[in-house]
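Before I ask anything, here is the structure I am working with.
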Amino acid sequence: MSAAATVPLLEVKGLEKSFPGVRALSGVSFDVRPGEVHALLGENGAGKSTLIKIVSGVYQPDAGEILIDGRAMRFAAPEDARRAGVATIYQELLLFPELTVAENIFLGHAPRASGGRIDWRAMTAKAEALLASLDIDDLAADQVVGSLSVGHRQRVEILRALSHDARILIMDEPTAALTEADVTRLFAIVRRLKERGVGIVYISHRLDELFQIADRVTVLRDGAWVGARDMADTNAAELVQMMVGRRIDNLFPKIAAPIGAPVLQARGLVRNPTTRDVSLEVRAGEIVGLAGLVGSGRSELAQVLFGITPAERGEIRLDGQAVRIDSPERARAGGIAYVPEDRGAQGLVRAMSVLHNFSLAALGGLSRLGFIDRAAERRMAEAGVLRFGVKTSSVDELAGRLSGGNQQKIVLGKWLANNPKLLILDEPTRGIDVGAKAEIHRLMCELAGEGVAILMISSELPEVLGMSDRVLVMREGRLVAEFDRAHATSQAVGAAMMGGDDPMERAA
Amino acid sequence: MSAIPVPRLALPRAGIFRRFASQEALLALAVIGLAIAVGFVNPRFLAYRNLADILLGNAYIAIAAIGMSMVIISGNIDISVGALIGVLATVSGSLAVAGAPTLVAWIVPVVLGVLVMAAQGAVVAYLRIPAIVVTLGMMSILKGGLISVTGGKWITDLPQGFHLADLNLLGVPMPVAIMVVATALAALWMRYSASGRAIYATGGNAEAARLCGVNPQRTVVMVFALHGFFAGIATLVYATQLRVIQSTTPPGLELTVITAAVVGGVSILGGVGTVVGATLAAILIAEITSALVFVNISPYWTDSLRGGLILATVIADIVRRRRRASRGRRI
Amino acid sequence: MSVFAASPGRRVPKWLARHETLLAIILVAALAGLGAFNNRFLTVDNLLNQGRLMTEIGLIALPMTFVIITGGIDLSVGAIVGLSAVMLGYSWKTFGFPLPLAIAFALAVGGLAGFVNGFVITRVKVPPLIMTIATLALYRGLAEGVSQARSVRGYPEWFYGLGQGEWLGVPTQLLLLVVLIVIAGVALDRTTFGRTLYAIGSNETAARFSALDVDRTKVVIYTLSGLASGLAAVVLVSRVTTTRMDMGMGYELDVIAAVVLGGTSIFGGAGTIWGTVIGLVMIQLLKNGLALTGVKGDATIVVIGVALIMSTLIASSLQRRRE
Amino acid sequence: MKARYLTTAAAAALALAGLATAANAAGKWDGGDDLATSPLECGMGPAAPAAPMKYDGGQPTNAADKAGKEIVVVDVPKLIGIGYFNATAKGIQDAAKDIGNVKAKTDGPTEAKIDEQIKFIDNYITSGVDGILFAANDPVAIAPVLKKALSKGIHVVGYDANSTPDAREWFVNQSPFNGIAKSMVDAMAKETGEDGSFAIVTSTFTTPNQARWIAEMQAYAAKCHPKLNWLETVEAQEDNNLSFNQATTLINKHGDKLKGIFGMTSVATPASAEAVTKAGQCGKVAVVGLATPNAMKPYVHSDCVKSVVLWNPIDLGYAATYVMRAAVDGKLKPGDTSVDAGKLGKLNVINGSEILLGAPYIFDKANIDKFDF
């Protein structure tokens, strides 16, 4: 199928979108043809969500255009997109649990009888017809949605989209919460939709799925278009490379540091359902990279180590001493620092000043009898601003007004004030500009040189490979592989991330 | 691709019980269970007359709780409703005594209720003042204003035709009929209309609201206006039941109404809850009050017992919801 | 928490946009205006006396400021006043406790009532509004049940020193309030505890991830709220020489009005003790000044309602301009 | 999960049953206070005059001599916005007009809260009035602020609800508690028969006047109508609809056993009458109570209520104003035995420092239309 053969159902050209402090999309283009599944690929923060929200009318682009059947459209609101035939199925399903399947499908556009009453019989009949059209025989129109499994609910969402005569269906990680059997059934439905000429935009992190279901793939990284491929002409290795970038050599100036005694030793950590029997060790001066796909349990492991979701079983030793870490306070007392993944929600108090954010995790050390030594606090924050190169008008500026990179430096800085022995960094450079990225990497090396043990979680494979002394790979809540620096190649680590029936091997 | 054989799963059907297998079911169960338990101690409790009187005398609370539950679902709260009902009752009674046509005396409070509440909603939505502040201030204004204007003079000599609550609709006393119809209409509207959905969306989170194409500001104004409408209807029942109108604000009514909405399963966290639950809860609270008299509990302890029961219901609901949530999460 | 985005606008100087500054200006203007109308208003005697009358509300408003800064609320404070007052009288009269012990007991009951609020709010995760509405009914009911609605009177003379006495011409309880205001103000402004409250109110998750003990802090503030209500009960009983179970009825709204008028955001994250104090003084003196000027009580209530809405409106619009 | 609910429900039911058995079925009347009672003699004879007592009121210190000059008087009732205190306020205005040189105004809390009332009085002390009329929400709690008024040279006269005697100069007693109690119980016994069963609807158990009346009624009934069977007392605030609901509950609960309802407030009595009317129990369940005439007219005219007990609150306010004027003018001094009260004639001093308004007034079908308040 060549691009010229058919007019794409949906085409976007040169989309640009910025949020305060973040450039979410720059010059992204892609298109979907009738009867095609076009996958969107990219790590978290690559801009996929922003892209689909623009296409479904939630956001308005700063620049660029959206064409439906070759005609330029403006979606001022989600209804406009829906009227144009674009339906979106979000990860969080927007269903009403008290209502039946039929009621959910036809919510807001129920068939009317004379006098404006809802024609219940016609509604049930239409719902049953829709169910039949997709060969769904284990779902009845009069079932209450609250009693259904996630897979069934998703089918109801799809039916709702179809009831609006959607011709373009956007599915955001539809398999993220599905069981194996449900995935199979979803694919059956997707194929049936393809036969009908529906165009599908399919977002997923699971490369193996894409090889099963997608026709083409567009890869985004850091809000920019990286490339598009026909699935038949590509392989997993290439896609991973496109996703995580190639700039390994010059960006990651790993400086070797002397590696000392083990700082953290964990044995058999269990926290159901996300952490299953994990044992690991991080030594002083060592940077350990923790790789894995989204949902593999990396951040969850970090939160177990930090005491936010304490381990149900297992043992943690710090400097050889067995400790019980059942709260972040205990973790901090033990010398652990954690720079979380979600800067806005977990790391930073946006409504507080830079000064107060800097001191938040170090208040104990800055105060006597509970009274904060405000001069010392200010000295600490100002020193931090200088040391980390935070660009701000003053330490009294609200932290939420700074750019992402500067915010990240503050979150990092507030923990370093405690002089931690173990620093856990969760996606330390996500969504920040290249300059800030390099500064954070330089800082990591500096800290390692000072003897801090660092556990770094990253979705960016080159970062993991470039910065780590050792690389651990997680999948489905377990550590599945370990590589030392010499043996950690993108192929090997990528393969371990993908897991058993290695699509990379198969594709190669 | 070949069709994939799909395993058939046994799935529950949408029976009437299934549909209400939630806070409403619990409340309905509690209403019935309590009646039976008290009936054992004193069979007179189960007399039709008594059960009917409980409904009759408290229908206005249930009706006001409908609007309140909408307000709470939308993520707001209203403290002024008790004072408003007092004001509207006085307006309505004064009109009737002044010789206005009965219909006017009935309609004016409803219209006025909508206007006052919509204005509050607009301040909340567009001027972004928290609802608790706006309605707290409005409570003061209405309460003080009412006494300033009337001097607290009771309204007596109401014309016979004014007493809407004395009428019957197809053999059902009007207050109960209005309560049932209002609850049913509100419940259906909340479920089936786009604007009803918008309330949940606004209270749930702004993101979901935008995804549903909802304008949160307009929704908040609408919710307050509706709340005013139901407060107006509640006023009609409240004001026309007795031969006199007190011209003061009913003490503590706002708290009773809020409690009914909250016990009814309306989560302040937004996004959950139905008006049916609020009505049932209003009935339950009224039933408890009456039951405590029937079983000879020392009246000194009735308030603490009522408070304890409300607390138990609320905690049970939260625990239940959390369990359901954790069960729903995929492992 | 608000679903509405802030709109950009002209910037206003920072000092002027501070809610407290603005409120203080309004307060001074109102005082001057009312003082001009009535020469008995701006007298030391009257102002000190007003201080005496506002002490109970003021005592409770201090921890309520903490609670609201964390994004919570406590509606049960009035009921705790009633319960503590009853416990004071009951333990003194029926248990035969010596009065100092009875006072300690009343404070302990208040603290316990607040602790129960905090404990359930943090452990069972019941929203504070719901929890304290329920305990409002419960505690008031307990007060009635325990007291059997009987009043307790005839306390020894020395006890009245707290509520009716004065020290260097200043009402005793006002001194107590001033001391506690300073302590609360310093605690909020200068201590890790205070900083933790702001962090919880602004972003609870981030506070947790910064290794701040969120749950314990919350339990502490609700307990403080109960404790302050207990203290208010003791002061109130001493002032009016009698214990009644209906004491403190409706206090919750007066307290919240003072705190919110003082610029504490009901959504959490912002507010100061100084603001609360200004709010408190403003309401009390507005009521007093209007009364002295010949405005009747019912009209005064209306004015307070309007003032509450208008001042919040002005303050928030200025704030928005600043942002 | 369902089991948890059933357990909760079962526990609640159990608690109800447990408390039910624990409830005191006899003995103390719920809602009374613990003060000593002094029931009057049985029978319809007039109350025997009490033994004269020494003056036990307080006196203002260094009061300005305003004899014959215009005085400013403020009236702070328990609460404003209810019919009863509107009537007393009207009486005060009437008297002010009749006297000529009294300027009076009524101001007070909107709810019967003692600390609110104290604040009002305190404000008026500051604003410098010559006299304060009050009806106390709590006799002891109000004392300190009244004493403060006396110490500032302000004349203080109470009506309707007393304070401790030394906190005011005079108290205009509408009718002694035991007199009201006697009228109420006698009326009930007459309507229900000597062995009738009755229940009480009151505002709250903490309202002093109501508590006092109930205690006196109990004492008088025990003495003079020992077979009258008290069933129970319920609270209904000062709320019309709640009073109606509570009265209805009583009717439904006791059925034919219930022969009468006492309404202890001007809110509870008409609401109880309405409940009896709605239940179709007129003539079977008697309603006896304190109430204002306007609210009771429909029930008195429909013969559902035979008689309403009340002093005339307009007269009460009227008398209080005359007493205030007399106290200011020095015409009523400690030790005097009577005072001139304008159109009401001479009123007697009893109990040392109280002025008796007279026997309680009984409104019935014949005279109720003559009153409008």
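Should a chain be cited, it is by its letter among A, B, C and D, assigned in written order, with residues numbered from 1 in that chain.
FYI, a residue touches a chain if its C-beta (ideal position, glycine included) is under 8 Å from a C-beta of that chain, and two chains touch if they have at least 3 such contacts.
All values derive from a computational prediction rather than experimental measurement.
The minimum number of touch steps separating chain B from chain D is 1.
Interface comparison, A-C versus B-C: the pair with the greater number of contacting C-beta pairs is B-C. In whole angstrom, the spacing between the mean C-alpha positions of chain A and chain C is 44.
One finds 30 Å separating the Cα centroids of chain B and chain C.
Inter-chain centre distance (chain A to chain D, centres taken as mean C-alpha positions): 72 Å.
Chain C and chain D have Cα centroids lying 34 Å from one another. In chain D, the residues touching two or more other chains are 31, 80-81, 110-111, 205.
Residues of chain C in contact with two or more other chains: 144, 148-149, 296-298, 301. Interface of chain C with chain B (complex): residues 1-4, 73, 120, 124-127, 129-131, 133-142, 144-145, 147-149, 253, 256-257, 260, 265-267, 296-309, 312-313, 316-317, 320. By the touch criterion stated above, chain B contacts chain C in their complex at residues 75, 77, 79, 123, 125, 127-130, 132-134, 136-145, 147-148, 202, 205-206, 209, 216-217, 255, 258-259, 262, 267-269, 298, 300-308, 310-311, 314-315, 318-319, 322. By the touch criterion given at the top, residues 31, 33-34, 80-81, 105, 107-111, 113-115, 118-120, 122-124, 126-128, 138, 140-144, 204-206, 211 of chain D touch chain C in their complex. Taken in their complex, chain B has these residues touching chain D: 26, 29-30, 33-34, 37-38, 41-42, 44-45, 47, 49-50, 53-54, 57-58, 60, 143-144, 146-147, 150-154, 156-157, 238, 241-248, 250-252, 286, 289-301, 305, 309, 312, 316, 319-320, 323. Of all the residues in chain A, the ones that touch chain C in their complex are 306, 308, 327-329, 331-332, 338, 340, 345-352, 356, 359-361, 363-364, 367, 370-372, 374, 414.
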